[in-house]
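Next come two complexes built around subunit A: one with subunit B, the other with subunit C.
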Partner chain A sequence: MTLFSKMALRNLWKNKRRSFSTGIAIIAGFTGLCLLGGYIIYVEHFMRVSSVYVNHTGHIAIYKKGGVDGFYNNPRKYHLSANDIQKVREIVAQEPAVEFTTPILQGMGLLSNGNKSVPVVAFGINPADEKRIQSHPQVATWTHELVPPANEPSIKDAEGALAETISVTKQLGTLVGRKAPFDKLSANERDVQLAARTFEGDLNAVNANLGFKHTTGMMMAEDTSLVAPLSVLQNLYATDGATYLAVYLNPEANVSGTMKRLQEKIDAAGLDLQTIPFNDDAIGLFYVGTLGFLYIMAGFFIFLIFSAVALSIVNSMTIGILERVREIGTLRAIGFTNAQTAWLFTLESLFLTAISLCVGYVLAQAMAGTVNSMNIRFDPPGIAGDMQFVMKPDTWFCALLAIPIMIICLICAYIVSKKLVNKPIIQLLQQAN
Partner chain B sequence: MKKIFLLMAITLGPSLHAFAADSADELLKFSDRARGGLKDGVVWDAKIITEEDGDSSERTFTIKAKGNDANVEALTPARNKGEVFLFNDRNMWFFKPSLRKPVSISARQKLSGQAANGDIASTNYSRDYDATAAGSEKVNGEDATVLMLKAKSSQVTYDQIKYWISKKTKLALKAEFMTLQGTPFKVAVFEYKNKMTAEGKTFDFISKMTITDAKFPKNRSIIEYTKPKAESLPASLFNVNNLSR
Partner chain C sequence: MQANEILALKNVVKTYHLGETTVPALRGLNLSVKKGEFTALIGKSGSGKSTLLNLVGCIDSPDAGQIVFDGQDITHLDEIQKSSLRNHKIGFIFQSFNLIPVLSVYENIELPLVIQPEISAEERKNRVLSALKDVELEQFAHYPPDKLSGGQRQRVAIARALVTHPTLVLADEPTANLDSKTSHKIIDLLLDLNQKKHITFLFCSHDEKLIDRVGRIIRIQDGVITE
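This part shows the complex of A and B:
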């Protein structure tokens, strides 16, 4: 440790009151920013994982060209055939960033209990792929509340004897006169039928069993969402194809880069398909809309808090240095150059800010941990049911926030001390007296 | 003199209005008969030819109707054979042999192209709609009375229908199916080249109904009616509980 560093630390220790008051300003501001950032990051992750995994969009969705808009009007023209799926899967398999893929079949239809029918929006997925999605580490970390617990039967178990079993939301079950838990209903009550127009335009219906319950996480979809094994929906719509192929990437993968490479390979293979990322409003309108609103709100609040914090820090630092005019005069009188004196004060500021930021980070993590453990629940707009208020301050985000605070503190300390040390020594000593 | 006219208008107005409403209902009831709206059983075959977005398809059905009920069984194409649409009063059911229970469906849903489920056997407009006279117009040179039909229930196929009934034959010539806001979205024209004998009388019976999309006239469905005959039909044929037995 250099002489200047030792002196800077001793000065901080010597002026405990001053150091404490300046440090508190930095700690309070930085903790607040870390917690706000932690909440925004949590919501972003929650929305992303909910969209990509729970709602089966995948990081990249591969549609027939024009299929996003055209599929519901003309599914015969805009669906992915079994042949399309096989070819595109061969292409996707060459991409190391891809974790797995699954075909998704979507459609409108009716859910009937024999007396009454209600409209549904149906998702068809392979149960084995659903099992993989539900047990995915990203889902476990961010949206575990949106998937059934691992030991609870769900669409992931719709194989073998349960191959005809479907999953509906609690609200949809009530609409069709069936109360959850559905697996406790009698065989006759569980016996339901799905009806829809096939891709050829004929009315068709298939038998199904009501057995599982799920939630979409989105209020607007809770009264119509039905998830069925892919084979059941393929029977219903009389097709061997799907609406789109959901491509799931490794969590660290670059979505836009991977998508670009896939699109190039698809075009080179002469397939009439298009790749769409989960954050395109064509398929992820809820994600894009919610986050757009959140970012604007959060940006505004961060700006306000940051400005208040910066002013508070600058004020504390300036007063702290202005109170030490005599000390500056003494240092100058015993032979410290202007630059050395200014550097000493800047170094003090560096240590004080660094220590305060570290304490602020630890405090933010401790407060977030305490709040999270209290399981505070609230009803966010657009989200089905209540959810836990969670803050997860991210280390990298906090580090990013620390940089401008550090810069502000250093600049402030340097400018104020530099201004003072340039004054004549006698004036400094007199001013102090 | 003016006072006398005013008094007459006040006293006779409601009864004239009732007379007009009665005649509109009577006219509607009479025109229903030629589209299958008979109290006793009637059976006919129907072929629906659909032309939509350049594609064409054909489906055939046997329709057995009695009063407010109808049983419509698909004959072709082979993949649809055995499927049944059951009209039970204003409720409608779909059933096929592989189903464990029938499915309740809406008369408004599309059956094929422009034809809604309800179009194939909803013959009882006088039961389903309130009719009011709305003047006279010519349809293909033929004088017709215009009726405005308003749905009595949300379960019927259309919210509003503008209906042209020939003054000469009292048969429906044309219909404009309208949204709740009064915008026509489908237009139908009717032909009567079949003959039917029922209730001791022989009368003209519908032979063709052409339903065209109001915005895209190339998209249309033609329902051809053949082999109409009166037949005694058992009530059990229209019992939804018998479908899955």
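This part shows the complex of A and C:
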């Protein structure tokens, strides 16, 4: 260890009270940032996985051009035909970043139990693909509360004898006069009818069994959401196509890069299709809006915390330097340059900040672990049901946060010390005496 | 510059401005110091002796005149050049010892050498041990300064001033904070080092009783040399 480092560490130890108070400010600020970051990371992952997997947007959705806005008004024009789906799947299969794809069919209609009918937003998916989604590691890690437990029957099991079994939310079931759990209902009670206009504009109806329940995770969709096997909805709307093809990428894949490549290949193949990422507000308004609000809030807190840390360092350094005017004068007199003397004081700040950041990180992890284990639940706006308050301070993210704090501390310390060190030596020595 | 002359001050003027009051500290002072001389500046408080040392030590600048040290005009050096000169060629001994409290005796003496990258760690160690031996503080090498007596602290400060092998050592009232017996011991030590190592000393004091054995005495009054 160099003499400079020894001096810095011993001065920190000598001025324990001041070092402690400055360290506490940095620890509190950094811990707060790590926890805030941990919460935002959790919410971002929750929202992303919820949007991509649970609500079946996929990382990339491939629509007919204009289909995002035009499909509901003119599904005949804007739906993906079976031919489109086959061609685009051939293109997508060439992309190594793609994990799997599934066609999704959406539409509106009426759900009726014979006596009572309620409007629904119907959503069709292949049960096998739904099984893959519900058991996906990303879903298990971030949104396991939004999918039924693996042993609980759900739309993923709607194959074979259950091929006409549909899933509704608990709220929609109540609206149509059926209370969950729907799989415990008698055969008569489970018989329901779905009615809707086909893509050609004709009125159509199909029989279905009410058997499963699900949640969308979003309050606004809970009273209308119906999920059915793709084949049931294709019968209802008299089509062999879908609204869009949901493309699921490997979790580490670059969404925008993959999307760009896919769009180029689609255009080259002469297909009139468009690719849209999950975080485009055209299909992910809830995700974009929620995170936008969170980021603004986080930015405000980060500004406050950074300011508090900077002021604390400036204050501590100023007091510390004023108390050591003689030391500065002596160092300068024996040949230390202004920069070398300022570096000595900056080194103290560097050590104090580094130690405080390490303590802050450990504290953040401990606090997050404690809070997570307490299973604190709350009702966030727009989310169906309550959710656990979870913070997951990511090590790399914390390291990223530590860099600006370290830079701020060093700049503050250097500016303060340089300003005072620059005084004439004679003034420093006389001031001390 | 004359042969064997290490320091020459020519018509040096220094005036301090305290608000609207102007205090002339040096009024056209001339002085020449030869290599290996032990020179004592004697004068009352406010006579200008500390100002003279500060100007020679490049920790203050003259308003007029010229200061030539070791063949170099040091009157108009920039801050970096002054720092280098102080570190390599000038040793300072202060009235209040000015040791760094968080460093041990050994480390305090080592301090001026750590900013001389040309000196190896081995050489640094040898020089510090030699300086400790010169001031007879080998057994206190790892003591913190606050565990030493005033006389011992001043010995550490002397060792720190000598460790860089300076051309000139400036001592500003080095015995002012010491009792009479210790003061004589410190002066004896400085004289001994001057004779054995031929180090040039320029030291100032207001206590005439201390300087009976000093080779050259310069009396200063109201910013000019009187004798």
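What to note about this one:
In the analysis below, the second predicted complex is superposed on the first by the 391 of 433 C-alpha atoms of A that agree within 3 Å, B and C clash if a C-alpha of one lies under 4 Å from a C-alpha of the other, contacts with A are read in each partner's own complex, and residues count from 1 in each chain.
Quick note on the criterion: a residue touches a chain if its C-beta (ideal position, glycine included) is under 8 Å from a C-beta of that chain, and two chains touch if they have at least 3 such contacts.
Computed from a prediction, not measured in an experiment: that's the story for all the values here.
When the two complexes are overlaid on their common chain A, residue A:110 makes contact with subunit B while staying clear of subunit C. Once the two structures are superposed, subunit B and subunit C can be ranked by residues of subunit A touched, with C on top. In the overlay built on the shared chain, the residue A:205 is in contact with subunit B alone; subunit C does not reach it. Looking at the shared chain after the overlay, A:327 reaches subunit C, while subunit B stays out of its contact range. Of the two partner chains, neither subunit B nor subunit C is touched by A:178. Of the two partner chains placed around the shared chain by superposition, neither subunit B nor subunit C is touched by A:190. Of the two partner chains placed around the shared chain by superposition, neither subunit B nor subunit C is touched by A:392.
Legend: residue contacts after superposition of the two complexes on their common chain; A:4 is shown touching subunit C, with no touch to subunit B.
Subunit B contributes residues 50, 53, 57, 79-80, 83, 94-96, 98-106, 109-113, 117 to its touches with subunit A in the complex. For subunit A in complex with subunit B, the residues that touch the partner chain are 74, 110, 112-117, 191, 193, 195, 197, 201-207, 238.
Every residue of subunit C that touches subunit A in the complex is listed here, in rising order: 54, 57, 59-60, 79-80, 83-84, 86-88, 92, 94-96, 98-103, 107, 110-112, 114-115, 160, 164. Residue ranges on subunit A touching subunit C, taken from their complex, read 2-4, 6-7, 10-11, 14, 326-327, 329-338, 340, 424-426, 429, 432-433.
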